[in-house]
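Consider the two complexes below, in which chain A is the common component and chain B and chain C are the respective partners.
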Partner chain A sequence: MDQYLIAIVTFTAIYGMIGLGLNLQWGLTGLVNLGQVAFFAVGAYASALLLLAGAHFIVALAAAAMLPAALATLVALITPRLREDYLAIVTLGLAEIIRLVFLNEKWIAGGPDGLTGIPRPLLGSATPSESAWLFMLATLAALFVFFMINWRIATFPIGRVLKAIRSDEILATSLGKNVLRFKTQMLAVGASMAGIAGAFYASYLTFISPAMFTAQVSLNVLVAVLIGGQGNALGVLIGTAIVTCILEGTRFIKDYVSILGGVELAALRMIIIGLALIVIVLVRYRKASVR
Partner chain B sequence: MFEIKQYLVSGILIGAIWMLPAIGISLIYAVLRIPHFAFAEFMTLGAYLALGFAAATGLPFPAIALLAAVSCGLAAVIMDQAVFRPVRQSGVLPAMLLSLGAMLILQNIVRFFWGNGVRQYRLPLQRPLDVFGFNITPNHLAIILVSGAVVFALYVLLKWTRFGREVRATANNPELARVTGVEPERVYLGLNGVAGILAGLGGVMMAVYTSLTPLVGWNSLLPLFAIALLGGLGRVGGAALAALVIGLTSEYSLMFIQSSYKNAIAFVVLAGLLILRPRGLVAE
Partner chain C sequence: MSSTALEIREVRKAFGGNKALDGCTLTVRRGSITGVIGPNGAGKSTLFNIISGLLRPDRGELLFEDRRIDHLAPYQIARLGVARTFQTPREIGDMTTLENLMLVPEHQTGERLMSLISGWRRVWQEEREHQVDAVSVLDRVEMRHQQDMPATVLSIGQKKLLELARCLLAKPKLALLDEPTAGVNPRLIGDLVGVMEQMSRDGVTILIIEHNMNVVMNLCEHVIVLNRGRVLREGTPSEIQNDEVVQDAYLGAAV
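== the complex of A and B ==
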């Protein structure tokens, strides 16, 4: 299999994991998390630091799942009733602060240069191309597990509670459901998924730096979930694939439009993502009744 | 001692710059009920438009700043009519998402045309003046004075004019405002124009004070929202005061933390506010 294609599939699967996490939060529970990259980054750094210290990949994965969940719980604590506009501001802000911490704390995170030489499991026992192939399979396996979790949560009794919360929070409360606890749990589980995605990301690339964890990641994932239709796990995966196509496909424009340099092309890519976001929202919500 | 005095000057200066876009965001939040992230990026657009106008025309810098600010106002109105008007009745979420999309597009339009590099306006170098024992350059003094004048004018506009009364009425109770004959769309139109002008002007000032980068707006986002929430949504005076508080806090924090953590101060204020006053943030 072509190395480029393997790389694309691996990245799409990693993005898909972040997207499925956001799908739990936003699609199934109605929590608009604009800082999903924060959990992704914490997972990546936690796992990278542990792996660099010689820990087993399983330990690194566990940390990459637990630390983001703890951070998500903190977010829930400082956001009153997790109201959507406050949650949006807090998550957007938190992601920026987390990035600043990784950028500035050289002693723990390597500063602007980030962390290098992160071990990738399976790398020693195989040739580089075999290792990439195996890693892609491992990533897809994790993606499949996340997909099943999404599907189960949507169809099992808890899914009905979440649906009730999403459509009428006051009603759900009056039925004796602890709405805030459900919401906090879903925020935490979704954050864990992004964190585990971060662990895969760090190990796949074998280096990470703060520049990889800008708000752009959150927005890309947001657009992916939006394309897929919030709450639809399969749709989220399709949305992720489409966003990856936009991000990667525009690289080929360069061959045809030679006047555009790298900076212009990168900007154009983001403008396309922004336009896609606007068009989808307008198509879906125009003149719709109050949700 | 010198440091303590200079931080006072730079704190007031940064506060004076932040207060303009923050007031716009605060008014939009109070009236349209959405955290409108895109207005931070109108700062970036304003700053770079001024750079473009300066290159294209030979106008004096204040005229260029005004031109850039008015262009941002126009752009904000057009954006609101084209993109935000269709989802007016659809709740907070769609408008918030649209605002993110607009933020992304505005920032990257700037990157597309002007690149990622750091730029400066061609302003003559100035010797600092001695004002009551404080060192400040004429440009920086002008920023503080212009900002103060604009805030005063806004205060008068909102307090004493028909438009101002309509804005305040819509912020307090949109339904009641409507039945008493206020045309909400006219309020939204005017408000977007005002907020766009404020953001554009703030962006030019920020670029004069620091430099031009595509991140001018993004780096101001957290302070702007912290100021808008701390001042009380929809309150011009409150936002102005909050801007000074956050400006001074951020500058004096430099005595204890690295400058790159300045934004963290704004976030701590924001989080603290949400914990302490979960309900009391909207204008009474």
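== the complex of A and C ==
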């Protein structure tokens, strides 16, 4: 299989994991989390630091799941009285704080230089191309597990409660549902998914730096989930594939339009994602916004 | 156990300068059907919101079965056995009527995260039981044929019936019914009164806000008249109906 295709599938799967996390939070529960990249970054850094210290990949994965969940629980517990639009600002701010901490506190993880030489599991005995192939399969397996968790939650009685919270919190609480508990759980589980995605990301690239964890990541994932439709796990995967195609596809424009350089292309990508966001919200969520 | 289900002492609640409740004191006898009437803005719905915990009183005490509840969250009060309906019906529009009811039972195994990993059989078994209960409640309010319709397409009257159905299914100790017959097809009102009487026979204490005087006079054994955030009069329906002060404040205008 072509190395480039393997890379794209791996990245799509990683983005899909972050998106499935956001699907639990926003899609099912209605929590507007604009800082999903914060949990992705914490997972990536936690796992990278542990792997560099010689820990087993399973240990790194566990840390990448647990630390973001703890952070999300903290966020949920200090913001329970916030209306949904304020939660959006808090999470957006959190993501920026996390990025700035990794950027400026060099003692944690190298500051702007980031971390290099992160071990990739399965690299030991295999050739680099075999390793990439195996790693893609491992990433897809994790994505499948997350998909099943999304599907289970949506079809179980717990999904009914989450949808009730999403559309009418007052009704849910009047029916004896502990809304804060459900919100905290979903923010935490969704953060874990982003964190594990971060662990795969760090190991796949073998290098991470704060520049990779900007608000743009949260936005890309949000667009993917919006394309997929609220609470639709399969839609999220399709949305992720579309967003990856937009992000990667723009690379090839360079070959046809000679005046576009790397900087212009990066800007073009952001313009396309931004336009996509506007169009999707106008076309797909018009009814919801009127309500 | 005392004979008092609910006791409200000197409760005040102001919104800005507007005193919705101003030293409201009343008791609801266990097992009774107690009506709350009064002009618009008398504080009836505020009273319900305070009892169910959606609003906190500025001052005063609430006791449910001799236990202070004014510091509890709404879900905790609901779990003590206080169910309510809303004046403006609330329903989850993108779920079916049946699913809306399936939300009601408490302590569902399938609502725990752990149930995703183990205990699937128990979850589905509970689901079947809850479905049977929900369908039988839908039968009682004559909405069986609407069980698979999304709740958003129901008429206002049907949504009010769904509110009552939810309250029936919760099997509460105290039911707070906020204008259950408003907007309901007149042909059904007699049935609704029957449903509420049956609830009462099943041991549920009922506190009901109602504008339909026929319903109040037929159903309630005790009537409380609220005016400007406090109790103006209370007594049996016939006492209230013949009270001049009440007639001036409310009934005179309504009847």
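For the reader, a short list of remarks on this structure follows.
Keep in mind that, in the parts below, the second predicted complex is superposed on the first by the 284 of 291 C-alpha atoms of A that agree within 3 Å, B and C clash if a C-alpha of one lies under 4 Å from a C-alpha of the other, contacts with A are read in each partner's own complex, and residues count from 1 in each chain.
Quick note on the criterion: a residue touches a chain if its C-beta (ideal position, glycine included) is under 8 Å from a C-beta of that chain, and two chains touch if they have at least 3 such contacts.
All of these numbers come straight from a predicted model, not from anything done at the bench.
Superposition of the two complexes onto chain A shows chain B and chain C fitting side by side, with no clash. When the two complexes are overlaid, the chain among chain B and chain C that reaches more residues of chain A is B.
For the three-chain arrangement built by superposition, the Cα-centre angle with chain A at its corner and chain B and chain C at its ends equals 80°, in steps of 10. Look at A:Lys106: by the touch rule set out above, it reaches neither chain B nor chain C. Of the two partner chains, chain B is the only one that A:Leu226 touches; chain C does not reach it. Within the superposed three-chain model, A:His56 lies out of touch with both chain B and chain C [touch as defined at top]. In the superposed pair of complexes, A:Leu175 makes contact with chain C only, with no contact to chain B. In the superposed model, A:Ile149 makes contact with chain C only, not with chain B.
Legend: residue contacts after superposition of the two complexes on their common chain; A:Tyr285 is shown touching chain B, with no touch to chain C. Touch criterion met: A:Val90 reaches chain B, while chain C stays clear of it. When the two structures are aligned on their common chain, the gap between the nearest CA atoms of chain B and chain C comes to 9 Å. Only residues 52, 54, 73-75, 78-79, 84, 86, 90-95, 99, 102-104, 106, 108-113, 115-116, 123, 126-127, 166, 170 of chain C touch chain A when the two sit together in their complex.
Per the touch definition, chain A reaches chain B in the complex via residues 32, 34, 77-81, 84-86, 88-90, 92-94, 96-97, 100, 103-104, 215-216, 219, 222, 226, 263-264, 266-268, 270-271, 273-275, 277-278, 281-282, 284-291. On chain B, the positions that touch chain A within their shared complex are 33-35, 37, 83, 86-87, 89-94, 96-98, 100-105, 107-109, 111-112, 115-116, 218, 221-222, 225, 229, 258, 260-261, 263-264, 266-267, 270-271, 274-275, 278-279.
Residues 149, 152-153, 156-158, 160-161, 163-164, 167-168, 170-179, 185, 189 of chain A are the ones touching chain C in the complex.
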